[in-house]
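Okay, structure first, notes after.
Chain IDs A, B, C and D follow the sequence of writing; residue 1 opens each chain.
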């Protein structure tokens, strides 16, 4: 039996396989070297970058919830310049597509960063995070208003020749409207989903558990919402979908692909099992074999038909 | 030490205690008689009623998800007339406040039902479900557009002299706007939250698990979202909040009350532990004792200060 | 009732690879349980899995205060359940549902498909005690499935057992419905017609895949004998509150309505069930 | 490494009511582990609890391939962990973090607050092996807390132990920092000043509540001795990827930066830690 064909064309990229790691959960590609090296993945997405360095939110930043976790890291990152000088050189050497994830608090932030990010700098694509719910001021509204989402994406597209992936927030009434907006803004792909806005309270201290009060809910708990959004968006747009949200086991990844995701991204799953992406890839291979599918591409949207 | 004072004034009602059961999870008050009798509760909320009888959705209607469950019952119910004839007489005899939950697909539906529901008919209040996400057509939009939510509530208020509780959908960009809208529409209280719209796929059959494709996500998985919404709404409106969404243990109930809920409602928790509301009440009593609070009312919004 | 009952044993049934288990629990539920009822089990201490698992009561021993559950490891819930060791307590809700109706005389034929034999075992034991003539017609994929699904327990009951397997590895080769058909014809010749006999002298109880139960229902109705079937649906509450487990029924006038498998069932009269309902 | 290691024993430490446990695990991690490092443990088979739990390595036995973890049952994760019986396998990620620096000569003073003694135990054993003069200053609420937190294990090491308890039920009545202060003054008289002695002849390692570690840091810096502290933060990845566990550090110029407790720590030089950082 021939090996399952994992090659995954996506937004102009040719990924080795459909496994990607989520921004903010896989560091800058070195942290998981021993357990799940970047080389084994289709692509890696680095921690969200902002124009200026950020110390992020005070502690505590994370807490566990049933089947999930809340995080309020607050976009701690070295800033674009430091990223380009100190991190990019090593990332460039990786035989794997590297996706940079950018966050901003004004269209100018995104534009400024996009200008510095071109195909010659060794990155594969830009994932535009218009949805990180952890930052108290701004951020949120790009991700919840179709018009401004469209503008940000269009502005970024104008500045860079890299493929642009729009990462959408699930904290909206109509995810389809958001997806259509970024598609019309020129997005080459969409990432679904970012975290759900949540919070939890420490009943002993009688105050919010996270220093930031609100945090982003991730993990298996949100998977049914993520799969639903992938399903809805897959019916509404032409651009490919990177599915994420609570993928822990290979069955979860297959669920996203059957719903219409061309690739899947592992986030919180990395924390549960540092080898998760590899285990999942092996599982997808088994599943394709068992179901007589020559390529993992054949899974995409199968449940829609 | 004097017993903890559980009396809970809410939307003109005087509840024995802050424990309520969620619509659709406690039947019509008889099913749990042996385990958690209505008499022990502050109030019970009956299954959602529509003007006409409904067979509901085809099967399967429910499936388990990590830390939660999806349901697509599709508002199976005997219809208003049958409810008034066959169910109400027995409910009237209960020494507990009975809240009727009504659902409709047009303002007229709500108006028609509200007209037949007056304080003399032995019910304590009307919970207006503008958010049940299980019904393919309509339903959804009342719960996601502030203007129409306001209209429905105002229309219901005009027709009935019963207290009106607006039950909000979490599937919105701005829950605060929804809460303000129903408050301005005259709602006497808000119930937060209904289920999150989700789905799951059976990877063996390669099609959606639920016959209805989409279902409502409930259970501990959604608690962080529910607590966050209660917290936000408590800061924005004057009317009391009935908090619900993933309450299983007493600690969960305390979390909702500290966030600003005047009462808590148990849904999926009844399935996990048919005695859940009683266990939770005992736990709240312990907690109040331990923290030197004379009344459970003292818990409400404590974490906000 | 809602109660913690102690695990007496939780052992492999037959060969391990089929994942069949025999679970014996000690406690007062044994006093109340009737054949065809089930318990709703909490399989683990955490929120995953969240919901209880419904399992039929396969044997009832009021003297020893023991009930026996037979189950197949299907997913994570039953997998976790299989880890429960003797002495450990499991939280049970039950006995739930209405069981099979036990005729006070005549013949009772049991028709089982695969692990559908589990709930029928308790019925067989009760019917024998009652002095009824009981026969078991049991079909499965192959010999090992039947053996791992408690065949030995059935043989202990010492009643006529007629087996069929798809691969012919034991009993008749083919479907259990074919087996049943032969006996129904034979019985028709040998004994009074249903019409003649005032009250039915033969009753049938079936449990297995829906298609099989539907076929058995048709066969029995044609032969004129009453048949009861035990249904399965996904359940949350187990008490009739969530409406997750409904089945569609119709009366003589063809008027359809919903019933709850957990509360009104799991046992229903075959003729009232609307098989593969469209609505 | 990421590996399943077998539980050798998982027993109550001292009296049950304090919920202290001693967990011995067999496997190759014992070869790599250094004092001050920790393992990130999967406490259960399901998605609840979802995240791993970080536990310090309290004893390392490369010969027997065994590591010992001492833990207190705090919530549902450690509660579940306490159910793991001998023979059962637990999935471990580790050893993680940078341990304590082990001076090659001189004195090493260990200052522990409550269960902060757990990670220091492995350091004490290594330091003794190295031939250093090791002393333990250990403060806790009362005698029973110290006894249930492994006092006996410490006594086996046969090094000078100075105890303090809030209620005076054993050792000096009061805080461990008061105890430490006396000895620091005494030591100052009896031995060369830090300045005189080229490289430090005394090093301090502390673990306990933040306030206590901050106080110890101040005391040591005033006395002129280097001090290391072991910090705790909530962790998700344990590998430096999620930025959930950061601590705020500052250099001599007062320039602040974040460091990761899981990767850059959990052990840091006392003077670089910004205690109760506002940002």
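Please note the rule applied: a residue touches a chain if its C-beta (ideal position, glycine included) is under 8 Å from a C-beta of that chain, and two chains touch if they have at least 3 such contacts.
Being a predicted model, the structure only gives us computed values, none of them experimental.
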Looking at Cα centroids only, farthest away from chain C lies chain D
Per the centroid of Cα atoms for each chain, what is the distance between chain A and chain D, given in Å?
-> 37
Between chain D and chain C, distance of the C-alpha-averaged centres to the nearest whole Å = 57
Could you state the distance in Å from the CA-based centre of chain A to that of chain B?
-> 34
Counting only residues that touch at least 2 other chains, which ones in chain C make the list?
-> 47-49
Would you please write down the residue numbers of chain B that are in contact with two or more other chains?
-> 66-68, 219-220
If each chain is a dot and touching chains are joined, what shape do you get: line, ring, star, complete or other?
-> complete
Interfacial residue positions of chain D with respect to chain B in the complex | 47-48
What residues of chain A sit close enough to touch chain D in their complex?
-> 24-27, 31-32, 34-35, 47, 55-56, 58-64, 66-69, 71, 73, 76, 219-220, 248, 268, 270-275
Can you list the chain D residues touching chain C in their complex?
-> 44-49, 76, 80
Residue set of chain A touching chain C in the complex reads 66-67
Within their complex, state which residues of chain C touch chain B.
-> 1-2, 42, 47-52, 93, 233-248, 256, 258, 263, 277-279
